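Please read the structure below before turning to the comments.
Read from first to last, the chains carry the letters A, B, C and D; within each, the first residue is number 1.
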Amino acid sequence: MEEYKPQSKWKNKLHEIIYEADTPSGKLFDIVLFILIIFSVVLVMLESVDEFDQHYHKTLLTLEWVVTIFFTLEYIARLISIKKPWKYVFSFYGIIDFLSTIPLYLSYILAGSQVLLAVRAFRLLRIFRILKLVKFMGEASQLQSALKASRAKIVVFIYVVLILSVIMGTLMYLIEGDEAGFTSIPRSIYWTIVTLTTVGYGDIAPQTNLGQLLATVIMILGYGIIAVPTGIVTAEFTRNKKGNEASNKGTVHLNTQACPSCSAEGHRDDATHCYNCGHLL
Amino acid sequence: MEEYKPQSKWKNKLHEIIYEADTPSGKLFDIVLFILIIFSVVLVMLESVDEFDQHYHKTLLTLEWVVTIFFTLEYIARLISIKKPWKYVFSFYGIIDFLSTIPLYLSYILAGSQVLLAVRAFRLLRIFRILKLVKFMGEASQLQSALKASRAKIVVFIYVVLILSVIMGTLMYLIEGDEAGFTSIPRSIYWTIVTLTTVGYGDIAPQTNLGQLLATVIMILGYGIIAVPTGIVTAEFTRNKKGNEASNKGTVHLNTQACPSCSAEGHRDDATHCYNCGHLL
Amino acid sequence: MEEYKPQSKWKNKLHEIIYEADTPSGKLFDIVLFILIIFSVVLVMLESVDEFDQHYHKTLLTLEWVVTIFFTLEYIARLISIKKPWKYVFSFYGIIDFLSTIPLYLSYILAGSQVLLAVRAFRLLRIFRILKLVKFMGEASQLQSALKASRAKIVVFIYVVLILSVIMGTLMYLIEGDEAGFTSIPRSIYWTIVTLTTVGYGDIAPQTNLGQLLATVIMILGYGIIAVPTGIVTAEFTRNKKGNEASNKGTVHLNTQACPSCSAEGHRDDATHCYNCGHLL
Amino acid sequence: MEEYKPQSKWKNKLHEIIYEADTPSGKLFDIVLFILIIFSVVLVMLESVDEFDQHYHKTLLTLEWVVTIFFTLEYIARLISIKKPWKYVFSFYGIIDFLSTIPLYLSYILAGSQVLLAVRAFRLLRIFRILKLVKFMGEASQLQSALKASRAKIVVFIYVVLILSVIMGTLMYLIEGDEAGFTSIPRSIYWTIVTLTTVGYGDIAPQTNLGQLLATVIMILGYGIIAVPTGIVTAEFTRNKKGNEASNKGTVHLNTQACPSCSAEGHRDDATHCYNCGHLL
């Protein structure tokens, strides 16, 4: 592809590797990133297991430093290789990248503080970056469009479920009272949702006959109305599929190239200019 | 819209604000109402949390008075602005409005009485009013029509589930007996429904081998027959969707205007007379 | 309907009332029967509740005698009014009718015996008779045909679920051992099915990390494969619906008349001979 | 069928009985095998029940020897009757057959060893052999193809569920802490999956108000997103069904004959040569 190169060559190369997944080196970079993200998420998890942390604290800390330094370098590389760095910094993924990189540095500043635990958990935000890596998978976008189309109906459904829970929960609160664990209306509503969604922990359970009768009604309701969101999404999938088959000719493949100027992604394979800012690709 | 005005102008204006949602002031009124309803429901919930009520009893009571006075005024305004007040008073939403407004007044009459708790819970009926506010959302009415169409099948389904529960529950009662918590047939049926709907509290659980074997059968049954209501509703949704797409031309938009004489709602945008009583809109 | 009458007139009349639901008296009989069945089922249930039985033992026994005598008379009437009584006696519903009528008589013969409890539960078999009363409801038969059509697929599905349960259950038995409640392979399989069907009692729950990891896999499996029976039944319903709409002209209404000779039911409205034995209707 | 017979006649006959299910003796062999597999699986299970094993240890061991000897002979017969035994030995089912036959022999070599328990469980691998016996059932292959077609979407779905679980689990870990059982992030994630899949053991349950609120969100999420795999598989089934009906003419019946040379199965009824190696059938 003939391209106009306003940036230095190595910056362009870096941009291609980091932001795009169409070249071999770009793909490799994405795979390495993917593995490192998973690895770092596992690290954070293991750290929270007391027995494990006591034995391997030093190893975990060292590995965490390795990961953090890699992500720091990657963050800097992203800033350098893009034309409008501020746009990246304040984009959703830019913020995620930043927040998930700083915890280790902050842990020295905030040492001994209470907020530290929460700050350290920020590292888990890295998991969102995986979503970015897979967002161009055709399957995911099909799922997304079906869910988007049925969004309004699902909101109405959740709305009805919540109103039902408030009413049923209050009734159970009046019927059962404190002994069975229904100590307040919010707790009764919590129990109602536990029952309606068929989770059923059993930490709170009705003891009276009337309470068990009402519980039975709630269970059958919950068992039945699960059919509603299922019906909505299925109807959307069925329609979608037909639509897809009928109109496949109308669609083109979008690649993972990102505009070097505005970072917009999802250009047509035959595009020479960014659809968003008109910059040459 | 040119209208014949038999009522005084301000009554008409009030009617427009309270009963309709097409004018800016009508919309604003609905939004304020919505927020107040949610606020008052949260109030009632917090009141039931003992620790919270002990600390903020006075604040909660004051806020409850504010809300109650607003709803009282709104109820009076509804009575004044409508032509046939009795029709409103004895309509479903009229009764809801009344019952959910009086508890605070009654609490002074019934002070110390046992019924008080139940009466206070009446305030939660306000939540039904939200349903009224959203009832013209197109999505909700689509859901409703799909559910209505599959109602007969769902009744048959629940019927079969209940018969199955009675038979299985009795069997479990005979097999397990008192030690495992199966103290009577109704309680065994309660357990069967808990299992069949895959809720599974675990407050009652089979202990014998035969009981666990039968429980396994019930679980797999419950796991399998959930497919039935789902299938019914989905088939209805799929059909509905096709119907909608085919016949969209045959439908018109209904607005939220209510007839000033008979309160009938859902007039065509181009209607000049009430479809129900013929009164000029 | 012009009919050849080989039986005495009153026997024919009786047959019409008991076996058919097309005449007013036949309908009335069915409704009375329906109420009595429900009533007698509730009686049996209440009897099993100890507190209730202690207070009202005499009343319950008297009412049970009333119900039993009615069902005895009905059984005799069925025998008299039909031409080939043996066919009825050994039919499915004939056996149900017999078994659900004798328990009270047997309770005097078996007094004090252990089997008594089980025998008394036989009265609950009456609930099957309700199924007979509703079996010609169009909705029920639609449900039935959809289920029949997907029977083979559902059997394969249950088969796979069982094999999966055996394998996963054995693995959990090896991993968890006795402390966590996985005391034998059958009990582990029981737990696996409890988990796979998303019932989750919690009476047995994995304690080790490896066990919890495997449990997670089983849960996600169970959560996912519920889609399979749902998909099967839904596809059948969708197809069925289309078929129904297309071929409604090809169907005729079947009435509830039973052949006086062979008891076959479901004759065409315009039938003059039994489709099964050729006897005049 | 006229056939070229390079092997001795009895070997050919043996091959027909063991590997094919189209002749009466072949069918009989499969049925006997099926019963023996089920029988041996039940044996292994009973052995793990302590009370049972103590009483009938000798009987169980004898029966296990009978079963093992049968499977040993069968394994040898399979080796003899096939032309390229190594292909069978290293095929999936060849390995299954071997591993599920040796445990009893190994138990004398490994006597007293710790691995023994796991080795004995290998006998349960026999259950996989049942899958082989039913693999040509048309229904199973339809299920399989529908699942295969929706595989990619289901992977994306499980992926999203896992990411959601990690995020929600970490949040719950930060909110609830040790007292409620959320002792580490992996355990919190375990709880999240228990909740999201609506299993709900109740061994770990949130105690704080904030925790219960978040749990409510997770439950409703889980209750809602079950619709997604269901929708995917259903859409696939619906499409599949249509495809099947349209193209039934394009399909031929495949029989269970296996090539005597390469063991490839699923030949056309009118085939005279193996589709895989060209050997005469």
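The criterion applied here is as follows: a residue touches a chain if its C-beta (ideal position, glycine included) is under 8 Å from a C-beta of that chain, and two chains touch if they have at least 3 such contacts.
From a predicted model like this one, the values you see are computed outputs, not experimental measurements.
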* Just going by residue numbers, which of A-C, B-D or B-C has an interface where over half the contact pairs are the same as at A-B? -> B-C
* Asked: For the homomeric pair subunit A and subunit D, should the interface be classed as same or different, according to whether the shared residue numbers exceed half of all numbers used?
  -> different
* Asked: In whole angstrom, what separates the CA-based centres of subunit A and subunit D?
  -> 33
* Structure fact -> Taking each chain's centre as the mean of its CA atoms, subunit B sits from subunit D at a distance in Å of 47
* To do: Would you please write down the residue numbers of subunit B that are in contact with two or more other chains?
  => 157, 186, 189, 198-202, 222, 226, 230, 232, 234, 238
* Asked: Which residues of subunit B touch subunit D in the complex?
  -> 198-202, 230, 234
* For the complex, which residues does subunit D have touching subunit C? -> 41, 44-46, 48-50, 117-118, 121, 124, 127-128, 130-131, 134, 137, 139-140, 142-143, 146-147, 154, 157-158, 161, 186-187, 189-190, 193-194, 196-203, 222, 226, 229-230, 232-234, 236-238, 240-241
* **Footprint of subunit D on subunit C - complex, ascending** => 152-153, 155-157, 159, 163, 166-167, 170, 173-174, 183-186, 189, 195, 198-202, 205, 209, 212-213, 215-216, 219-220, 222-224, 226-228, 230-232, 234-235, 238-239
